[in-house]
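In the part that follows, the structures are each spelled out as structure tokens.
What follows is a pair of complexes built around chain A, which joins chain B in one and chain C in the other.
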Partner chain A sequence: MSLHTFAQKVLQLVVVLLVVTFFSFCLIKLIPGDPVSKIIPFGTNLQKAQLRRDLGLDTSFISQYLTWLRDILTGDFGRYYNNNASVSSQLTKSLPVSLELMVYAQVFAMLFAIPLGILTAYRSGSKFDGATNTIAFGLLALPNFVLAIILAVYVGAKWKLLPTQSTLDPFPLSPIDNWRYMLMPTIALAVGQIAVYLRLLRSDMIATLQEDFITTAKAKGIPNRKILLKHALRPSSLTLLTVAGLNVGALIGGAVVIEVIFGLPGLGYRIYQAILAREYVALQSYVALIAIAYVLVNFAVDVLYSVLDPRIRHVRAAA
Partner chain B sequence: MSEQRRNPANPVALPGKDEGTASERLVADSVLGGMPADSATIQEAAITAMTASGRARKRAKLGVAAWLAIFWMGLLVFCAVFASLLPLADPISSTDAAAIGKGSSADHIMGVDSIGRDLLSRVVFGIRASLEIGVGSVAIGFVVGGFLGLVGGYFKGRLGSLIAGLLDTLLAFPALILALAIVAFLGQSTLNITIALAIVATPILARISRASALSWSEREFVLAARAQGAKHFRIIWREIFPNVLPAMLSIAVLGIAVAIVAEGGLSVLGVGVKLPTPSWGNIIQGGLPDIRTAPNIVLFPSMVIFLTVLSLNYLGDVVRARFDVRESGL
Partner chain C sequence: MSLLRRRRSTEFIPAADRYPVEPLAGALLEVTDIRTHFETSRGLVRAVDGVSFSLERGKTLGIVGESGSGKSVLSRSVMGLLPKNGVVRSGSIRFEGRDTSQLAPDDQRKLWGTQMSMVFQDPMTSLNPVMKIGNQITEPLLYHLDISKSFARETAVSLLSSVGIPEPERRMKQYPHEMSGGMRQRVMIAIAIACGPKLLFADEPTTALDVTVQAQILDLLQAQQRERFMAMILVTHDLGVVAGRTDEIAVMYAGKIVEKAPTRTLFSQMRMPYTEALMHSIPKLSNPSHTRLNVIPGRPPDLVSPPKGCNFSPRCPYVQDKCRKEEPPLVRAEAAGHEYACWFPAGTPQGRAALERNVVAGAMSGVTAETVRVGTTPIGGGIKSGTTTTAPSTEGST
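Coming up: the complex of A and B.
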């Protein structure tokens, strides 16, 4: 990627970040009526005046935004109004749990999707391929919270194989206990992704296997296994990696629901609590943080993509 | 939805794929059916008719699975419309305390919920809220997003890039988080949920229509129409929109499924449709505390959601296969 396009991308990134944070800032304006009396309905007049000053409601809209943005950028995410805890202290405890869940889910999904994708592409049109595709199609229709609930009911409650409802604070336990609590949420989050990745890799793989260099490799007598793993997988996996990167957005949303069902004390669970307790300021910070993180991940994937394969970049530009 | 959007090269094997029922036929159909025949369109139609007949195509019949999906969706719509005429207990006020925790029985096919209301009745009445939200949000997204996309794809100058920038920014939010935030701050009501999900759906549909409009507006028949002095609005509405429609429809059908699931997710998070109005999501949410003693409360609506999403996904794929919507470039 030339320096020029990179600079252009960075400029775009900054603009998008500004707009995204501005949207997040505007959220608090969506509260119908007076936000102060919604946030602390039973506060004294003094507290209300304090909050009004905190939110900067007595200054202009733009300066409110700039103050808020400065606070966010310097790591001041506001505080909870019920118990005066700072949002950032909650964040340092809950963020690792959510990240752990998402990394596990991605790894788990890839562990299943890659071998299955290779096999179904290699045996495309076979019964195995048909069955796998049908199952994948069904799994796509299974909302992750439904799967989570089914797992929680049967594996968790009825058969008591794995613990549900951890809400242990602080969460990270011994590695084994940690895994026991993480396994079901991971599966619930990963299964839908398996179907997505599998279908994607399969179709890319089938296209690659029809290329001339594969025929050449076959003619040279290279064993199938080596052709599949060494020659075909790499060029077929670029789209998969990109989608995996971009899927982080879907995973964040899914993780919120999954964490609530299994009571994992991650970011999603904090968001849920903030909604229930009408902690609007904390909620706004969480949303802004997630949006910023998501934009940054998208940016990283975009840059990585064009670095990895300039050929694809040209195709994309032409399309 | 995200899969559709972020997946530029996904020639996924479609069920019942009709090999190459190409866009030419679509052009011929839309041009000959209902359009005033000006010379350019006739010429275009003639060309496409020739190539089409040369390859001897015929419409693939809908398979059994597609009819099952249509039947299921038809049943849901029927039940939603005539719910109050069906022989069901009142979903909100009538309770049967004796049946709590007993599971399915002759009186209550799905059992009752945690305060003794007939679950079947609640699920049937819940279709209304779930479909209202699913169809409503996608319909708004379809109109607004479709319009933005068409305009943005047709006028490639400053207006086009402004619209593209706006869409990219909206897409920069993780979808469920955006919806969650909007509903949490705006207050929870069916209307607000619909609006929130419409805001999520709009950029996705706009992106599809923009990409499609971009490529269609390069075609000769558009140039011909322009050469004849057709107004911009007419070109967009009569020449481009009919061609963009299939791609948008297939995504919209999938979008309804996504919106229904999203309502469920929002409900689990406590910002779904407000009680006592039943929706599939809030029935599930209401059953969560009693999941050990009465799993039926959660499992039946989950099953209904699953079947609905399965049907819609399948129908979306059928639309895509029929009209040969190519995802490359979308």
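Coming up: the complex of A and C.
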């Protein structure tokens, strides 16, 4: 990708970021009536006036947004009203947990999906392919919260193999403990993804294996393993990459149900708590943060495309 | 290493006596009665249906026929490149005296690249789009030959320059989409000859290319074939392409060889009406390069249920009742190495009589009548009729 097109991409990115943060900001405006009396219905007038000034409700809408944006960019995400704790200190504890869960779930899903996708494509139409696809479809039909509950009830509560409720704060950082808490949420999140990734890779791979250049590779006399890994995998991975990128965004804050079921103190769990406690300001920051993460990850995916496929670089440069 | 073989003179030597008699006894490749049928929902597609030929070391065989006559399937069958599922194969393929048709996949693979390799039809799709040219060439070198990475790179650079690619060092780092079709086909040739195969298949290597570079690529193939003393099977639908470049020509129709002869003999004494029709349809230089043969009236037969008797009978200007009942066997002609399958061969009294009967009967449609007229023109002479083809260069058009 040429510098020029890269600069263009970055510019687009900035615009998109402005748009998503603006809409996150608007969330608080969706609260009907006076937001202040919704947020602290039993507050004193003094408290209400303080909050009004905190929210900048006495200034114009755009300047409110700009102030809020500046605060977010400088790491000031506002405060909880109930206990006056700063949202950013909460974030520094909960974001790593969610990121960890997201990375584990993605890696776990890929570890199964990539080899299985390659093999089922290579042996498409075989019994192995049929069985794998049937199982994948079955897993796809199983919602992750159902799987999570099954795991929590049996592995956690009945057989007591793994802990289910981590009310621990800070989150256990010793590797073994960490794994014990992470394993079930990871599996619950990853299983459905395995099925999705597997089917995406398989169908792209089957198409790639029909290409002429695969016959060329075959006629070179190199073994099938090399043909699959060196020639077929890369051109077949673009769709997989796209969807995995979208999932990163979704998993960072979207694992709400899973985090709640397993009591993992991640971002999703905090969002859940913020909703219950009507912590609108915190909620607004969380939503903005997730939106930003979503956009950034997909920007990275976009850049990765041109690393994977030089033709995209070329087309972009020409455009 | 075969790459380092002594350079041979590349000035023109008539194809037939280009090489001294090889001391190694036996043909390089001997194909006997091979059949390749595809199982499809419509039935069995008889893409190759009983083909036999042999090829000496360092010689060139042209395989000519219309689109769909089974040329690609034949060359892929011989090389063993076809999938095993849904394909019914029979017959024997002996390469250097060894039957390769029953080889296990791993043993089969050992032949590819080092003993036999293939240049494919479409260089736009035959190179890996996401891999640098250099890596695509060094890949087989590194896999098959016990050489270092740096030596493989040097070899690849010299291969690129030997196939006429300027600035080979720079090209090594490029991707296929940064090159023209002709350049890509040169790269394909470099890949195919990298490990010094003894047999090179070129499956319509110029069909997808611009007319202006077609001759260059054919010349390059011929030069490399001579220089490295490879045997070559040159597949084409254009008799003009093989005219000056092959030792022998096999004409294919509906999965069968219908005429086979040393190149000169074929052009001077063609017997099969189909060969004659092909000859009249040699594309003009002014035609767009992708033009397929449609000059011969009618269409090739359905390979699932071919016609009774001679496959060519529905389109043949010489056709007689016998042709529709009995299939003509491949028989020897007077000239050495010349064979054909026809009851009323062109250029013979029977053939002339058959053609006259058809003209007189006037039972043919307008289109076919034209073919009849074409058929009566002296072979090898200037051709009239709808297409004003330039007189086909029967020899020495290199």
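Going forward, the second predicted complex is superposed on the first by the 296 of 319 C-alpha atoms of A that agree within 3 Å, B and C clash if a C-alpha of one lies under 4 Å from a C-alpha of the other, contacts with A are read in each partner's own complex, and residues count from 1 in each chain.
To be clear about the criterion, contacts are C-beta pairs under 8 Å (C-beta built on N, C-alpha and C of every residue); 3 or more make two chains touch, one makes a residue touch a chain.
Note that the coordinates shown come from a computational prediction; the quantities given were computed from them, not determined experimentally.
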| item | value |
| --- | --- |
| Touching partner for A:I72 - first (chain B), second (chain C), both, neither | neither |
| Partner chain in contact with A:P235 - chain B first, chain C second, else both or neither | second |
| Chain B versus chain C as contact partner of A:N247, first or second or both or neither | first |
| Partner chain(s) touched by A:L289 [first = chain B, second = chain C, both, neither] | neither |
| Partner chain(s) touched by A:I150 [first = chain B, second = chain C, both, neither] | first |
| First (chain B), second (chain C), both or neither touched by A:K220 | second |
| First, second, both or neither for A:M205, with chain B first and chain C second | neither |
| Sites on chain A touched by chain B in the complex | 15-16, 19-20, 23-24, 27-28, 30-32, 133, 137-138, 140-143, 145-146, 149-150, 152-153, 157-158, 196, 199-200, 202-204, 207, 239, 242-243, 246-250, 252-254, 256-257, 260-261, 271-272, 275-276, 280, 283-284, 287, 290-291, 294-295, 298, 316, 319 |
| Interfacial residue positions of chain B with respect to chain A in the complex | 2-3, 6-13, 15, 165, 168-169, 172-178, 180-182, 184-187, 257, 261, 264-265, 268-271, 284, 288, 291-292, 295, 298-299, 302, 305-306, 309-310, 313-314, 328-329 |
| Chain C-touching residues of chain A, taken from the complex the two chains share | 125, 211-213, 215-223, 226, 230-231, 234-235, 308-311, 314 |
| Complex contacts: residues of chain C adjacent to chain A | 79, 81, 85, 109-114, 117-118, 120, 122, 125-131, 139-140, 143-144, 175, 177-178, 188, 191-192, 195 |
